[in-house]
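One structure is given here, and the rest of the page talks about it.
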Amino acid sequence: MMATEQPILRIEGLRKNYGAVAALQGVDIDIQRGEVLGLIGPNGSGKSTLFDCCTGLQKSDAGRVLLNGVDITGWPMNRIAREGRFLRSFQKTVVFPTLDSYENLVLAGQMFAFPSVLSTFWIGPAARRRIAALRERAAELIEVSGLSRVAHLPAGHMSGGQQKLLQFASMLMPKPELILLDEPLAGINPVLIEKVIDCITHANGTLGITFVVIEHNTDVLMSLSHRVVVLHQGAKLADDTPEAVVCNPQVVEAYLGG
Amino acid sequence: MGSFLLEQIVNGIITGSMYALVAAGMTMIFGVLRAINFAHGEYYMLGTFASWWVISHLATDYPLAIIAGVAMACVIAAIVGRLVMQRLVGQPFQAGVLATLGISLILQNAVILAFGGGYKVFEGGWIEPIELGDFGMSQQRVLLLLVTLVVFAGLEWMVRRTRLGRSIRAVSQNIECCQVNGIDVEQVVRRTFLIGVAIAALSGILTGPINVSIYGGMGEAITLKTFAVIVMGGMGNVRGTLIAGCLLGVVESLVAGFIGLQYRDSVGFIALLLMLMLRPHGLFSSKARF
Amino acid sequence: MELEINNLRAGYGHLDILHGVDLKIRHGEFVTLLGPNGAGKSTLLKSLFGMTTHKGGTIRWKGKDIAGQRPLAMLSHGIAYVPQGRCNFQLMSIDENLEMAAYTIKDGDLKGEREYVYDLFPILRKRRNEFAGNLSGGEQQLLEMAMAVLRRPEILLVDEPSVGLSPQAITLVFNELKRLHQGGRTILLVEQNTRKAMAAAERAVVLRLGKVIWDSPVAELSPADLGELFMTGRRAEHAQTAA
Amino acid sequence: MSSTTLDMPRMPISRLATVNWGASALALAALLAAPLFLGDYYLHAMILAMIFLLPALGLNLILGYTGMLSLAQGVFFGIGAYGSALLSIHFGTPFLVNFLAAGLLAGLVALPLGIPALRLRDTSFVMCTLGLVVIAQMVSKNWVDLTRGDMGLSGVPRPKLGFGETAYIILRAPEYYYLILALALLVVFAFVALIKSPAGRCMIAIRDNETLAESLGIPTWTYKLIVFMLSAVFAGLGGSLYAHFSTVVSPLVFQSYYSNTILIIVLGGGVGRLPGAIIGSFVFVAVSEALRITPELRMVIYGFVLLGLVFVFPQGLAPLVQRLTGALARIGFKHGEPHDGH
Amino acid sequence: QSADTLKIGIISPMSGPNARYGAFANKGAALAAKEINAAGGVQGKKIELVSGDSQCVPAEGVAATQRMISLEKTPIIIGDVCSSVTLAMQPMVEESRVLLINAASSNPDITYKAGVGGFKWTFRNYPTDEVRAATVLEYSVKTKGFKKFAVLSVDSDYGRGAIKFTKRYLPKYQGAEILSEDYYKDSETDFRAVLSKIRRSGAQAIILYGQADTTPIIARQMLELGLAGKVALVGNGEFNTRTTIAAAPKVMNGAVEAAAWLPEVQAPRSLKFVEEYKKANGGEVPNVHAYTHYDTLFLLAKVIADVKSVKGEDIRNGLVKVKYDSPMGMVSFDDHNQAMLPMVLLEVADEKPAIKSAISSKVDYPAAGK
């Protein structure tokens, strides 16, 4: 079928300069539907910037981003998220600090559960049902991510790792098609790392969600991803299977270290 | 027409430099406290009142009254700084709004209580005009302009080069991190506040002879102008404040000269807003990535 | 005994997080503090630096009780703290950030020390005039580590310094920690990267639900034990070795 | 985000609102019974409190829930007042028509003002709303044909219910009181419904972290615009009540007094708290009226009250009242409503 | 209300920026009350003044008035300086049948709506600006020979109203024209821009209906810009007080003003008032509001003496017919409850005020209604 041929996200010649710093210098990546793509590279190699440019947080200087064949460059962030069913997490942990975990998660799913902005201003029985469904899913995810004990706390009062987990859970909340994760495992304890990995493989396997994961925990990333792209100084250094990437001398030199 | 334009620009720069002088302190205070100081005009008023009192009751001459006025304002600032401002560190922003509104009410009406509500006449200063071609300017204005330049040069130097200046910038960015690095946030807040108040008082005293009549509520109008200037200049930005102040002054003068005095404030504001549309965070602000 | 924590109870406002923590750290020791997320590790470090609400217990530093003092005082006692998450001055250049790090140090050769950290993390020198807030996540983490070094601590409290760092950079940071340790500094390191942490440290302490549940030399703790400790608070079969 | 420097410091902790029905019912009963016990002056003060309540609710919506400090509430209050006054003077329309029209008018005016203003964030936005105040003053002073400029519109008719001959004109204080109470209740109800709707959650999201909200697909700009308009509607409704109550509308309605009073009510009452504006409006009108016993010292003391409030109740009075009612409920009915704070 | 006092309420701005006008009102009234009480009071009762703060805000003024009516139970209220507040007070006092005497606000609506116009309980013992504007204009054109005017007035109902009246009379004078029209807000301190414009426009006189405290500012800035002796000030705004003249004598020479009262008026009772006022207030020179409030209390004392009653109803009826001999001349009220007050036209000459003529203000209601 054609649909399987077409990459879910196609990044074409993406460039981004900050003054003298070339954060991205013409990056091309195709992300296939249903894969888990690992994205690695030394600090400052442009990984987060790539996410920013794909999701509309930053305007790229040149290049295009195609989502399911539709050019989404220049779209506002919320439209990309909602219409593209395309979410991303941030490297710096961000949550809604005054809301508890339930509300944080309901918010993550809310825009996907209501047909329009105006419909959210009125709470009738239908809306109540939608919210109840969202809360149910939120409870599930809270359970899975081990946040039950602190789920009633305002998210701003949770520990760094707990916030990171919450952020991860909110990505899964609306069951989008594509999720970009920026270091989802940073600061998570080893036991929970396994749970998170399970979540990702499960979501990828059964729900068919496509993932792109930036992660410096290479061991875990290599076992998780189907394919790994390496960025170096804003350019693509390698794009291969995990096994091939770890052996690639350039990658070892630039990133993994001796 | 050309010379008229020039004249209005000169008028505007003179007025604007006064705005900038008052705003300088406020923008720094905003920097460290994240609080819009609704009471800032009150310190301008206090300085003026203090030196008016010294002149009219102790019969001192103007230069001495300048010192006395600034000193008085500083004493009050030290008290307010210790009792109120430093406690606003780390408080939610509404605390700053309420506290400064409260201080504004207290200072304004305490002055009304102490000196009577009626307007007073400020005597003293160098009001003789200096002729410049076919229009003139009082010596006092020249003094004001010079003082503004000196103060801003000093502030710029302080903010960039001195320890206090750097810690002011640090506090304005991340209080928790200041604690981690051993910067005494409350002390920095107190000192910044004191400097800001001293400058506001100084500008009040220097404009006293020009504005002649003084009264307890005179700070309100100037506070409004300062808001505009500090936002334009980029909150916490000293150099930006000077430029924004002069720009506002010039725009206002042009409006008053070509359209009508009654449209001055609003058209001035509209011009500012239009500029803000182009640079939503002020002329000289910087913002880090998300 | 340099740092002696006795029955420390602390939290945020009305909320209690640490329920009686006991911990003794000798001069020049390298201790790593491990524990599941939300165990109270960061809270413990913050309490040692005077940034939480003190509820009871003592913190003796060189024999003096310093519990409940403010961060400023802690710093003057020679305690330095690197918090979890971002802690730098976003709108100041790297140079200026490093200057601020040495704010309390009035003597000495700031330039020389700055050159030292630039040699340590060359990536910072390259961007020295850039705003810290514009750096990448990992670069900022390095900057914060560099700032901690400049504070010339006697005891360094570090909260997750490896977060966001590439493998190479992690090696750099841990090497620097080891160097500081060899130079006679005491180090209390919180890490989730347990493997690296246990490789570098001498002693491992495990915190769970606001209490110390394990305290032993690193050699006596295997990764499998650690997982069990995190999950259940007990180590399978073996009895607990330290009090 | 919390250390990104140019943002307003974040709001106090509050979870989604829960309505304390017990306390509300008690308060309502007290309000209903008030005219039986209180003289004209006190009713009058309560009327004023309820008039200020409406714009304060609007401000709480935009500031407390959406995190944008708007000093333009006074502008929309004034627009509502002018709209209502002009309608009733020129067309003799009945009060309820004026009331609704005033809200509508304020909301409509907010649309073109909000579109450019909402491009700005934080302090720039505050500034912009302040600019709107100055512009409103100018328009009201210089559009003499419509507003009669500084002469103002005097003799605005007292509220008239119904049309023509059968119209009933409200004159006495208790009647007035019940009329305004009824309208205020409706508006409070609308406010609660808004906060409890999914949109209310989106507002808090925008307040807490706009970029994050945006990244989760929430069209923040649209929400902000709608909230800006809604808050203007609230203010406009209040303005209408004010016009018919004071019978005078002049450019003075755009002076800072109104914006400041509304701000104090919301901040002092508890910003981002469901009952904040309600508590605030009654308390602050009460304080300001009580201080009339010493007219010279009045504003000085008022200033000290504000300062005291800041340091004793930094989150405003709402948490205190909520705790008190919670405690009362526990004693009285042996069960406590869950509420904010720990 | 105890048996031996008569409570009189005074509503005025006592806090905030407008306190600068309210303060004079309160002090003037207080002085009068002291003098009247010292002389035995009214009908054997001492006058007790009760003050209420309006802040120049209708909402506040209305609350203060309601408190005065319901709690203090004052039969008479004097107020307010700000017209909007007075207008809002009118229907309230009407319903409660409390006498309201205004002694400081100039919005013409206040009396258009009073007396035969509607409100029976509102009186105004303060001049309207209509006759004033006409007289000043006539003198400026006919006697001084000015033809080109620039308007610079305060942006309030007073300033705008006076200019509106001026414009109504302007066509009567051939060739007289207004070249520019500017209004300043009452806290304005910077007039350089607009004065520069006026200087270039070639205006011979500035029509200034302004606040007393702003006149010295304008005068000083005219001096700075070299307008002294070239452009004259005409209108009203305490041009003729010693302090104003002292601020910039060269500018003030030739200033023409129509005033209801000035400290420099040479009538013995007026001079005595100035003397006493200064003594009581640390040397502060009274302004017109101080005088009108002082005078209003004496007016009330006279009415009470006439009707021999302190009941509001009687005093109201007495006011309608009173013939009161004020320091400035005879005062009586027209059918709109507006006082017909004597005024004087002055011109500053050699740095001293000189009275040029006396005016009696009488409002032409049918014309004004347009």
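So that you can tell them apart, the chains are marked A, B, C, D and E in the order they are listed, and the count of residues begins at 1 in each.
The working rule: a contact is a pair of C-beta atoms (placed from the backbone, for glycine too) under 8 Å apart; a residue touches a chain by one contact, two chains touch by 3 or more.
The model shown is predicted, which means the values in this text are computed figures rather than measured ones.
Trainee: Show me the overlap between the contact partners of subunit D and those of subunit E.
Mentor: Per touch definition, common to subunit D and subunit E: B.
Trainee: In how few steps can one go from subunit C to subunit E if every step must land on a touching chain?
Mentor: 2
Trainee: Tally the contacting C-beta pairs at the B-C interface and at the B-D interface, and name the larger one.
Mentor: Output for the comparison: B-D.
Trainee: If you take the mean of the Cα atoms for each chain, which one ends up farthest from subunit A?
Mentor: E
Trainee: Taking each chain's centre as the mean of its C-alpha atoms, give the chain farthest from subunit C.
Mentor: Computed centres place E farthest from subunit C.
Trainee: Based only on mean CA positions, could you tell me how far subunit B sits from subunit D in angstrom?
Mentor: Their C-alpha centroids are separated by 31 Å.
Trainee: For subunit A and subunit B, what's the span in angstrom between their mean Cα positions?
Mentor: Result: the chain centres lie 47 Å from each other.
Trainee: Distance-wise, how many Å sit between the C-alpha centres of subunit A and subunit D, to the nearest whole number?
Mentor: A distance of 41 Å separates the two centres.
Trainee: Using mean CA coordinates as chain centres, what's the gap between subunit B and subunit E in Å?
Mentor: Computed value for the inter-centroid distance: 34 Å.
Trainee: Spell out, as numbers or ranges, the residues of subunit A touching 2 or more other chains.
Mentor: Residues 57, 90, 92, 157 of subunit A touch two or more partner chains.
Trainee: Please set out, as single numbers or ranges, the residues of subunit E touching at least two other chains.
Mentor: 14-16, 155, 183, in rising order.
Trainee: At which residue positions does subunit B touch at least two other chains?
Mentor: 105, 108-109, 173-174, 176-177, 220, 262, 265, 287-290
Trainee: Using the touch definition from the top, list the residues of subunit D that touch subunit B in their complex.
Mentor: 1, 3-6, 8-12, 69, 116, 119-121, 123-124, 126-128, 130-131, 134-135, 137-139, 141-142, 211, 256, 260, 263-264, 267-268, 271, 296-300, 302-307, 309-311, 314-316
Trainee: Inside the complex, what are the residues of subunit B that reach subunit D?
Mentor: 30, 34, 36, 84, 87-88, 91-95, 97-99, 101-110, 113, 172-174, 176-177, 220, 224, 227-228, 231, 235, 262-263, 265-267, 269-270, 272-273, 276-277, 280-282, 285, 287-288, 290
Trainee: In the complex formed with subunit C, which residues of subunit B make contact?
Mentor: Per the touch definition, subunit B meets subunit C at residues 163, 166-167, 169-170, 173-174, 176-177, 179-184, 286-289.
Trainee: Quick check on the complex: what are the subunit A residues that touch subunit C?
Mentor: My answer: residues 18, 21, 40-45, 47-49, 91-93, 146, 149-150, 157-162, 165, 183, 186-192, 216-218, 255-257.
Trainee: Quick check: in the complex, which residue numbers of subunit A touch subunit D?
Mentor: 55, 57, 76-79, 81-82, 87-88, 90, 92, 94-100, 103, 106-108, 110-112, 114, 117, 120-123, 127, 130-131, 154, 156-157, 170, 174
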